[in-house]
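Below are two complexes that have chain A in common, paired first with chain B and then with chain C.
On to the complex of A and B.
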């Protein structure tokens, strides 16, 4: 039972991060390799807002999420916007540079020490018994709930809302989208905003669960195989990929060795790339772009 | 008649080296259907791209002349803003979003400023009743003719004042082309819009157009009323497959020209 709970929480973490990769890749074919860093930045932003609004945890949370969303849109406006129309590789390298910059910045501003935003908010991360047999931490339960909500929201948004449909359209054929009057800049900014929003939720909840230091980037990196295994342009794929990676990792830790945990996602990734390089739900013709 | 679109002495250069269009002057009045004819490489598509703002993609730019839409110069405006002004292009290929359904394709269109989306969508379905049967169908699974219908319908939802149609007949059966051409006439009649039709199939284009231009090597070599063009001996011979020495297009043209010049 405990094993299943652990898998569910880890899968929720990976899925929440992976959908950020998918959103941006789907509309602009760019792999945002700074996603892990942006996620970490959100958690640190929470640390700051928590000390500013220490009496009001909800305001602190909302402010942190809002600031992260702004960071995402600003990154697009001042950095990635200039990359539209350039080679995709150039854009991907830009995100790598951004990642390095953010990592340095975070250490400079908040120091490299382990921090604890939950404490700053005055919250204790108590654990809840589940069905008598296992236990789940409050933040873990929140992670599963938030991931479910965000995925449901994204599905509805992309399926039924006009901007969601336009996002899908722009991802399929940007040229035609422009001919139909869709402003690609608005769509890309929206994708970056949504992506950093979901990343922020992940970063904040993880930091509430297990504290915060610069190794959080590693979690972002480990979610990348989840997105790839699912097929980079599919949300269902990201969900399933996250589940596979999480299951493999938790089982490996339990039955073999905890030291393997950081390696497992990439082992699964390599296996997947050999067997089915376009991922579970990816489109085959996307391959030449990866 | 006031011109809705006026292209004046337009010159377009590709990669700073190749002049694709050498001083074209062209006009389209409100409510007119204007055909632009010519073989491959004559500069038809480049003209359309210049109007719809897509030259930059191919490393081409307007080096001289102007494109005036309702008196405003369009040069160097981004494509989506040109669409919002009311100039909508139906491209030659890749004209629908293949993974979206028919309804979603229509929903993706952004109407021009001040246009009534609901009315436009209803209009689109009245022009192409077949599409309402196919509402939920994925666009990638449609036949060529249905795709062209969907492309035209999506363009209508953008609320155009000027519709640019690139190769309406490409890859379609003659019956289907005939039908689509009649729809264009209907659309023009009901919405009162201007249509610029770029075609290789001169017979179809001239059958519905009011006026026409013939381009060759980036220049306008002939222009006038559609009826007059249809009966012009050169058009008869090169485009409509009439009687005459049937050589390759260039040879015949060359031969006729030299005959004209040297008596």
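On to the complex of A and C.
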């Protein structure tokens, strides 16, 4: 039972992070390798807003999430916008460079010590018994709830709202979308904002659960296989991929070796790349034409 | 093809053989000899610290040339370079620790190990391209590092493997001056091998694959074979660099081969300039020396003491900023700047090349 709960919480973490990768990749075919760092930045922003609004934690949370959304949009406007139309690889390397920069900045501003935002907000992380057999931490439960909400929200947004449909159009064929009067820059900026927003939720909830230091980057990177296993441009795939990766990781740690935890996602990733590079639900890349 | 551009102000080649020559003009001969003399004289003038820097640069040069062959010429992106360096270093370390092997066994063994791992790294490239390939090498990096860490903990070397300095007869390689020449020789040999590969059939096949795989295939180039060859050659060079690194430091530990090291190597070839061996060298020098420049600059700040613990963070930030600046404003890298300067003097007093490139 405890295993199932652990898997569910880890899957929720990975799914929440993976949808950030998927959103950006689906819309602009760019892989955002700075997602883990952006996530970490959001958690640190919460630390600051928590000390600003120490009386009401909810305002602090909202402010931190809103700030992260702005960070995402700004990253697009000032950095990634210049890379549209360049080689995809150059854009990906730019995100890598951004990640390195953010890692340095975070330590410069907030120091490298482990921090605890839950304490700063005045919240205690207590564990809730589930069905008598296992326990789940409050933050873990919140993670599962938030992930469900965000996936439902994203689904409705992409399916029914005006901007959601525009986003899908821009992802399918940017040229035609632009010709139909869709402003690609607005759409891309929106995708970056949404992606950092979901990343921020993940980063904040993880930091509430288990404290905050630079190892969060690794969690962000480990969630990437989840996105790829499911198919880089499919949200349903990200959900399923997260479940697969989380199950593999928890079971391997439990039955084989705890040291494996950092490698298992990448082993699954390689297997997937060999068997079916485009993932479970992803669209196959087009054939090469001369 | 940068190295094939005529270096003088006109185009004086009259046969195909001349186009293949590495050194064409008398000026190039004299500058080469002057450069070699300067390299030879350097260790007798430099301080021990400067020698250490030079040795680090040579090690980085070997690695970055290897990555340049793979990424800059054959067009196969790798984000797992640190994994290969680690593989070389661990091969040397394990052979030394378990069997007491001498360095003339461990270094070829590291090269063989590198070739083997390169083959494994390369296999996904037969199906994957671009982004997906980069991701698969990234994943392999983590797996190699895991295996290294596993060895360390299982054998009880959790802090790292200590390696004795190699000895040739009675000569123990401990003095920095001797190391300088050894590493210089290795870097020079790597450079020569690469230069020769690139002007041969293999190099042209790689260039064709980079430009367009399907067309390369249609032209009768064995795409799969040449891709794997690129991975094998690049990886075995890298593994040799890793083995040399372990001997030079006298110490191997997984902590030294983080993902950041891979990013640094990618940064070397970007900052240097893609598709140019000179770029690989310039990039290696730039990226290796940057942290020391930062350290110096931070030392100049008022109340420098208080920042001493944050040096790593300053390094990361500066490194990120420099990489972004190059990607956004100077995608051609340092070599692009160098060529512009060169062209300025070649064309002086004119500003533009004549139409048609002036090469008839």
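Simple rule for what comes next: the second predicted complex is superposed on the first by the 285 of 290 C-alpha atoms of A that agree within 3 Å, B and C clash if a C-alpha of one lies under 4 Å from a C-alpha of the other, contacts with A are read in each partner's own complex, and residues count from 1 in each chain.
Just so it is clear, contacts are C-beta pairs under 8 Å (C-beta built on N, C-alpha and C of every residue); 3 or more make two chains touch, one makes a residue touch a chain.
Please read these numbers as outputs of a predicted model, since none were measured by experiment.
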Touched partner set for A:273, first chain B, second chain C, both or neither: second
First, second, both or neither for A:183, with chain B first and chain C second: first
Which superposed partner A:104 touches (first chain B, second chain C, both, neither): second
Touched partner set for A:228, first chain B, second chain C, both or neither: second
Superposed model, chain A: greater residue contact from chain B or chain C: C
Contact residues of chain A, present in both the chain B and the chain C interface: none
Of chain A, residues touching chain C in the complex: 31, 79, 82-83, 86, 88-90, 92-94, 96-105, 107-108, 112, 221, 224-225, 228, 259-260, 262-263, 266-267, 269-270, 273-274, 277, 288-290
Of all residues in chain B, those that touch chain A in their complex: 52, 54, 57, 78-80, 83-84, 88-89, 91, 94-100, 104-105, 107-112, 154-155, 158
Chain B-facing residues of chain A, complex: 162, 165-166, 168-169, 172-173, 175-184
Sites on chain C touched by chain A in the complex: 77, 123-124, 127-128, 130-132, 134-136, 138-140, 142-143, 146, 149-150, 153, 212-215, 218, 259-260, 263, 266-267, 270, 310, 312-321, 323-324, 327-328, 331
